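First chain written, first letter: the chains are A, B, C, D, E and F, and each begins at residue 1.
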């Protein structure tokens, strides 16, 4: 799993933690604990994970981090851990560098690529793949679909919104999306979503092949320390390109 | 975003504002504040927007305004601002020149074009596109679809209404549209909607290429002043064509 | 808009009007007011319509009337007005010449043609079309669809009923039509509905081209008087063919 | 319209009529009135029908009767009338010759043919068709569909049942049929239903061409007497073939 | 109709019958009455059936019995009757020879064949078919469909389950099957179901042609006695092949 | 049937059993009884099964066990029995060798193969197949579908999730999956699911052909003892390959 956290909404949670500890201000510690607790649930300590699975998880998370660090518009890596939370074997945390209003097409493409970095690492290193990427795949599908059907970011499908959102409050709650287009367009959407995802996966694969040594180093550091900070990560793998904010700029 | 305001319904709101200020009549100020408040929500001041994003928003809004000003049947620009409201980064306000009963095909085509002026400006200037046009795309899709399926304004689909509106009041509320046509017609509708949108986008692109200098000027003025009036806008970009009411006239 | 009124149901309404005026019997005046009030809503006086729009509406209504007057089986024109009611810019009233039990295929084809006379007039005179025909198009679509799917009046689709009516009373009310035929038949239905509508529109166009001068005369008379009676209408455009009841007769 | 009445269920109704008339037993008169009242609603006397419509209705009903009388397996004609009831312009009554448990394919084909006799007569005599056959078409469609999808009576679709009946009692009432077959089969069903109906219509047309004089005679007698009995009908058109019960017999 | 009875569940019903008759134990008579009553409803005596229909029903039931008796894996015939019950004209009773846990593909194919024996007999003898087979066809369709979609018994569709059962308890009751496969698979399923049914019908036809004399004999015995026992049946038509349990055995 | 048990959740059940027997700790016996009771329901003793069916069930269960024992990544066999429980004729129990967080593609393929081992054994030995595999086929279909549509484990369909899970709580409960892809993708999914299942079945067939003697031995031992332990099973059929945990390892 990987996460892009929204800092502002979590201040209250952090305030509660600080109060419990009789602190007068919210420290960095409370802030980070608050984020992790809200987004991922409490740490999963009871579960015993085999060494084989730990190794696989370490490479999966290292894959997210390494791919992100090699693409200019990707959010910077904040922390990487193989201490599981909830259903996730490990987590790679990203910190968005600003309070952003707009998402550009290039930044969204970068997100697709690093989200698939985990699976790409499994395939590269183990010659097999696991159910550990199921959550990544869901996020990637949803994002690519939004780009194509709601943001007009596929040239093949144009500046058109496809599908009508319906909200039916009816004892229970159902939010479905009514198809208002033809089968021919449905097929074009599938092809375009697939293209976006395939391109992103190829980019992730290429990056991991290029930085395979660094991937091994990050995975080994994770196996050794279980959790590594941005600084520890960047010492092992300094960003090979100049990072950018992701907001389009006049060239 | 761009907005065509309905003045009449807002008088009450303006009266309340005037009363709060102990005024005896509704002034222009109260009227405009009332409109903006009702349609767009209160101004969003707290959010800090980066200079990069401000620049992008300025070009997006300038795009709407410049395209509208270059098409005879388009509503005249009333005000342009990059002060955000609600989810919108900025707003371009249009003032319909009369209380219109009928909408002609040409006027609707003009509306499609200026609604896409924001995205066209992003692509022209930044060589990337953003999620900032998502609302414009939704409006454009809905309008083009109405022209094709309910107003008989596509020669390829004829003077036929497609789809039956259904209203099901059932604890919650659902208004869906039942498809009463074949897949072949669904595909023709998709093609025609797409054609209308593509033509409108091409028109917007051509206008912005032709008036690129004026686009830059408007965007820069917006970055400087944040909000500009019709007069300020038309000083920078006087309308290059004779505006028309949009009601068909005997030629 | 155009209307075929059902006189009988409106007597009560007329009686109320007569009572209010202390009349002992229902006069022609009360009867006609009752019809118009029930079917179309009260006259819309408050709205200010531009001269341009009035001209367009006059031609639209004149189009309905002229086309109807040139087809033997069409109902005779009763009154034409450009005084708007509800959403309609104007109204052309038809009076069915008898209390009819059966509708023949030829009479229904005539109805399709004069219903499209409004739009055909707009296109002929203004070289643009407006949203003013949306209601006509809905009526035309519903009628053509009924001919094809419920009355066996398309040779291509035979003496078969297509689609099952379902009534689901369930807090709110929903009357939907369940598709019980294949996609291939759905496509044939679309083609046949389209053919009926296209043929009707071509007939309307041909009639208006042939009687263009009379169309101009009726429109001008409407602009001058706002409402014209059957007699005034037939003075400007005497029916060029022998009218027929529309019931099939042995030839 | 045409009707095959179920005598047993109507005895009670007849008993009530007899009681009202102080009769001690149910007579033939009460029985027939009971049937007609229950099945068709009370006679419609108030409506004034034009001579033109009466003539059309007379031919329509004569068409049902003449076609039925020329097919061995068709139920015998009991009464024909052009006195309308409910929505129907006239009625042709059939009396099934026995309390039948089974329906053979041949008998059902005969029913399809005489049900279309009304429309075939309109087309033959008037060179136009009317909405008066809408009820006949509904019955014919339902019967042909049942033969194909529930009785295995189409060789092309075999001894298979198509579609699952569903009953959903849910405040209101909905009985729908869920499609459990492919689009390819849906198309075959449409083609087969259409074939059955087309063949039946052709048979009706051929019979009416062959017995056109008798058709005219029956229609004229109807116009003269409004209602004719089996005996009066058979005097004008004695059955040209030997009638059969419709139950398959060893040949 | 034909029936495979589940003896165990009916003991209670038989006990009640025995108690009413002051018997101390359940006799064979009570047992059989109980079965017939529960499964088919009470005997239908009041209805008068024509000789023609009786003859057709006799052949229909004889068809079930003769086909079953000529296939090794089919359940043995228990009783045949032309005394109607409920909607059925007659009944052929089968007694499963053991309390079976598994159904083999061969046994299910045998069941398809004898279920269609009734219609095959009608077609063979009368050169027409009747609505009397509608229930048989429903059972055959359901069984063939289950073999193809839930038991993996069609090589063309493999060891895959098609369609998801859904149960929606919602005031009323609805058990529907959601299609979770493509149109291409839906078509393959239709073809395979059809193949199973067609092969079974051909087998039934071939058996009845081969044993036509025996079919006549059984039908005549039924017309004479109305109800015949297993022993009476097997005297007229001794099983021409060795019966088998239907459970696969090592060969 | 075959089962992969989740030990942890069953401890409470075992504790109850131990308490009933006045034991101070949960023994192996209580643990296993608890598992079997919870997962499969109580043993079915009352039912009398024919020798023929017992033989078939013995081969079916032996098929699951032998196939599993010949694939490195398959879970080890724990116990095999032909004593029925609930609807199942027999059960093969598997004990997962560790508390696993991730499932690799290879391990899932192994599971597909041994799940089909029962049917493959029936076909190999009896030249017929039975309804006894219906539950296996359901599990295999669900698993293969999950691999293709939710885990991105089919190269042809890529790292994309297909179908949206919907939960509608509404008096009753309905969890359906909304199709959000085109017919073309639906067909690809069907083909891929089918390929996974076919490959697995072929693997099972090949293994059973190769180890046919061992299959006979295991089946005969089951017929003799009814239930055999892991040790008894492995004495008759020692694993011919080195078992692996199924977690991908660096090669």
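Note that in this section a contact is a pair of C-beta atoms (placed from the backbone, for glycine too) under 8 Å apart; a residue touches a chain by one contact, two chains touch by 3 or more.
Just so you know, these numbers come straight off a predicted model, no measurement behind them.
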item	value
Path length in the contact graph (chain A to chain F, fewest steps)	1
Co-neighbours of chain E and chain A - touch as defined	F
Fitted rotation between chain C and its twin chain F in degrees, CA, nearest 5	180
Type of chain E:chain F copy interface by residue overlap (half), same or different	different
Cα-centroid distance, chain B relative to chain F, in whole angstrom	60
Inter-chain centre distance, chain A versus chain D - centres from mean C-alpha coordinates, in Å	69
Contacts with 2+ other chains: residues of chain D	170-171, 183
Overall pattern in which the protein chains touch one another (line/ring/star/complete/other)	ring
Direction chain E, origin chain D - full chain order round the ring	D, E, F, A, B, C
Residues of chain D touching chain E in the complex	98-106, 150-153, 158-161, 166-171, 178, 180-185, 245, 247-251
Complex contacts: residues of chain B adjacent to chain A	47-50, 52-53, 55-57, 84, 89, 116, 119, 122, 125-134, 137-138, 140-141, 144-145, 170-172, 174, 176-177, 183, 186-187, 189-190, 193-194, 197-198, 201
